[in-house]
Amino acid sequence: MAKPVVKKKYTLTERVYLIEIIKGLGLTFKHFVFNVKASFRPGPHTVPTCWQYPEDRREIAPIFRGAHMLMLDDQGRIKCVGCGMCAKACPAQCITVKRGKVAEGEESKYVGKTYPEEFVVDLTRCIFCGFCEEACPKGAIVLGPEYELAQYTREECQLTKEGLLANYYKAKEEGKLKPPKKPVPVAASAEPVAKKAAAAKKAAPKKVEAQGAEAKGDAKEAKAKEAEAKKAEKEQKSEG
Amino acid sequence: MEVRRPTIEDWDNPGDLVTINIGPSHPAMHGTLRVIAQTDGETIVSAEPEIGYLHRGVEKLGEHLTYHQFIPITDRLNYCSAIANNVSYEMAVEKLMGIKVPEKAQVIRMIMMELARIADHIVCIGILGVDLGAFTPFFYLFIQREEIYEIFEWYNGARLTNTFGRIGGVEADLPEDFEERWRKLLPNLKKAIDETDKLLTHNRIWMDRTIGVTAFSPEDALSWGFTGPCLRACGVKRDLRKDEPYCFYDQVDFEIPVGKHGDVFDRYIVRMIEMEESIKIIDQAIKIYKEFPPDAPLMAKVPKIIKPPVGEVYSAIEAPNGELGFWIKSDGSDKPYRIKIRPPCYMVYQAFPELVQGEMIADLIACLSSLNIIAGELDR
Amino acid sequence: MNWVIAIIKVVFIWTWCLLWATVMTWAERRGSAMIQDRLGPNRAGPFGLFQPIADGIKLFTKEEFRPKTARKILFNLGPILFAIPAFSAYAVIPFGDKIVIGGKEILLQVADVNIGFLYVLAIGALAVYGIVVGGWGSNNKYSILGGLRSTAQLISYEVPWGLALLAAVFVYGTFDLRQIALEQTGTFLGFLPNWGVFKQPLGFLIFTVAAYAEANRVPFDLPEAESEIVAGYHTEYGGMRLGLYLFGEYVNLYTLSALCVTLYFGAWNLPYIDMSKFLGPISYGIASFVVFWLKVMVFLLSFIWVRWTVPRFRYDQVMRLGWKTLIPLALFNLLITALFIQLTV
């Protein structure tokens, strides 16, 4: 386990410290001159990288994943139907949705038969992965361009429906609403599951299978929910 | 005269050795690493790393999340190159399910992973410079890293924790201005690498600080389970991109840089050359990418709720730090039964006491930086 | 009357050093930013020039924290021991030629002593006590390591430093710094300015390297190597105690630069031009002061410039460079100088 001994071989220019150091000094001096000149240049960022933050802001991507917002449709109704798909997809479990049934006579106020009575996004838990946005069948919840999320209290970090809508209005005012996402082209047919894996399934012990059955139950529930969401969608279409 | 008050070291320190507690809160300990070093003057007699300060139970978390939901968690492993972690995990699940990822998605993955590799190496080399007292290259490199993050942001809206890709493909096509951005970044990136090289490589102070410091033999490195740049610096030509090619790595042309002594200097040089090779790979991959029609599929047909068949799988890729593997056991449900992550840092860090023994305190810092230990990946 | 002038001079040079020490903290940050493609502090005042004032207010108003296990007396003594030599070293170094006001000739130097040279050496050696006492008194391992590193470094670099200065003394034949400055008028070999650097190029090089080590600047900043031993000897310090260390360091830099200018760069003399011939007595005094100050500034800025270019040495490498390279070189320089003087005189 002896450590290898390394013999240092230096060329003459390396052996004399000064030559390389002077070269380096020349390089840094070039940067210095360039930057001093550039810092007198007008414009938002004077030296290649520095943004004077609160005054000058970097252009953020139109698809930036910031604080959430709830989208409204053309008639100013919340697109959300309270299906809870976002809450289910969230890895950090930061979304709470309480579904409320639309009372009779108020159908015109909502897009579907149900609506989110309560919609809370806990920003202290959120990891901004954007899965809620992908899961939403209505395109109702969207991660917006807002990134200044510091608050003084925990309560302020809970984005309620009002907060979500405020984010929407703000983004709309600034023209920072996301462009519609291009649909991702999907391959025509699903590849067959590998045979090996199928064989492993047979050989698996019973216990694991039992667990699998349980999980299947879960999956059924999920499927049911999905169907519900689809139903809601259909209903909305028929209404439209 | 004041009587010396006994301190805790008096009991557990029998000889003349001084116990120095480096970390977990120390400017050079990369977050939350801790090394308890017994020193004789400045020479390290023994160094005992203590890990776990950033343990978040990532593997256990995986057992409670669905397969898809685990992707954002993998971002938090090696946060310097989140994309490589994402892809590694996705490839493991795809292997488990037998999904064939569309080729265009594979190319996109490859481009993004190489960008992430450059970003990761930039961090490593920059920090190595800072720890050895050369502050300036850090900034030259980090400015370019920022530009790489800009590319990531325009791709899917996040800079550091990208949550890149989905099981069965990628979530979006490359943005239209991707190539333009890359062409704009390329000369600056090359210049930054070149300037770092000029400031450091042939500087005698730098050479004195790095050459022969914590050298390691290839046999030792292999038996400790080294992978990645640390192994290649020791002289072993092992790179999963060449040895077990995935994505399109067998169709692009690139070299694997190999060091000789496995010392800090070799690790630094290997990383420097790897950045340049990555640039080459990206250039070629963009060419491959352009051959696909714009509406070529990006996602394989994957069921909405992923339920892999019962079984287990191990799949690894060459992450910037080395072999990053995911072992997944499925019980047929929509949640993994167990996920085991094989982070490259963990294996490398095990050899740390042996690496630094007999060196000086300053070398311990240099060694740690050159190994590129990322606490998020180490402690998980 | 003389003592009034003396006091005025003392107060003037003291505030002058302090002023430039504070400006140096600004220059250090802005200069490094410009080298590193950043902007640096630019909020307080125009170009961030008031930043040192803000820093000073912060340091003054911060809690004077002392760790429970620190030795009270030593902990308090350390910064003082460091700052006093730093502030008093300038006493014998001139800051200009002379100024004639009302027929009275005033030397721009606090004390024109004929062993000024030895005084600088002795006071310079004192600075190490401040570091060691502070490092020891903090009762922190990093501090002690920093203190020990500093001791070893300062003591080993004192030798080549002293030897390089000795060679300069050979050339000028005097210990009096003012006399040395006065000797550097006219030309050398007919075309070069009669500056010490042309007579003692090797000596100047050794002096510069040793000066960097004496001032604990990169690449010799081991005593406070941030990434290795946190902050070295001032790890446990905060508030104005830390301020004294930092100011002391910059005042030290000013002193070293002034010494370098006096010895090797012709003090207040401009090359090929004799200012005293065409300037009035008062304007000549001011001009000599300004020229001297500008030369010092060049050296001060080079300290910053080097700091942000090169990496740091390792402890043993510093020792090796000091003992195995610089001391033999300095001795060789001494030999050559002595031989040359013997042969030419």
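Here the chain labels run A, B and C in written order, and each chain numbers its own residues starting at 1.
In the analysis below, a residue touches a chain if its C-beta (ideal position, glycine included) is under 8 Å from a C-beta of that chain, and two chains touch if they have at least 3 such contacts.
From a predicted model like this one, the values you see are computed outputs, not experimental measurements.
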(Q) Keeping to the contact definition above, tell me which chains border both subunit B and subunit C. (A) A
Q. Going by the average position of its CA atoms, which chain sits the greatest distance from subunit B?
A. C
Q: Would you mind telling me which chain pair, A-C or A-B, is linked by more contacting C-beta pairs?
A: A-B
Q: When you average C-alpha coordinates per chain, which one falls nearest the overall C-alpha average? Tell me, please.
A: B
Q.
On a C-alpha centroid basis, what's the spacing between subunit B and subunit C, in Å?
A. 44
Q | CA centroid of subunit A to CA centroid of subunit C, Å | A | 55
Q) Which whole number of Å gives the spacing of the CA centres of subunit A and subunit B? A) 23
Q) Do you know which subunit A residues sit against two or more other chains? A) 21, 24, 27-28, 31, 48-49
Q) What are the residues of subunit C that contact at least two other chains? A) 35-38, 308-310
**Q.** Multi-chain contact residues (two or more partners), subunit B
**A.** 136, 140, 143, 199, 203, 205, 208
Q: Could you pull out which subunit C residues touch subunit A in their complex?
A: 31, 33-39, 305-306, 308-310
Q) Considering the complex alone, what residue numbers of subunit B touch subunit A? A) 65, 68-73, 75, 96-100, 102, 136, 140, 143, 146, 153-154, 156-158, 161, 163, 169-173, 195, 198-199, 202-205, 207-208, 211-212, 214-217, 220, 261-263, 295-305, 307-312, 331-335, 337, 354, 358
(Q) Taking the touch rule as given, give the residues of subunit A at its contact with subunit C in the complex, in rising order. (A) 21, 24-25, 27-29, 31-32, 35-36, 39, 46-50, 52
**Q.** subunit C contact footprint on subunit B (complex, rising order)
**A.** 2, 5, 7, 18, 20-21, 26-28, 42, 129-136, 138-140, 143, 199-200, 203, 205-206, 208-209, 360-363, 365
Q | subunit A residues touching subunit B - in the complex, by the definition given at the top | A | 1-8, 10, 13-17, 20-21, 23-24, 27-28, 31, 48-49, 60-61, 63-65, 89-92, 127-131, 134, 143, 181-182, 184-194, 196-198, 200-201, 204, 208-209, 211-212, 214-216, 218-219, 222-223, 226
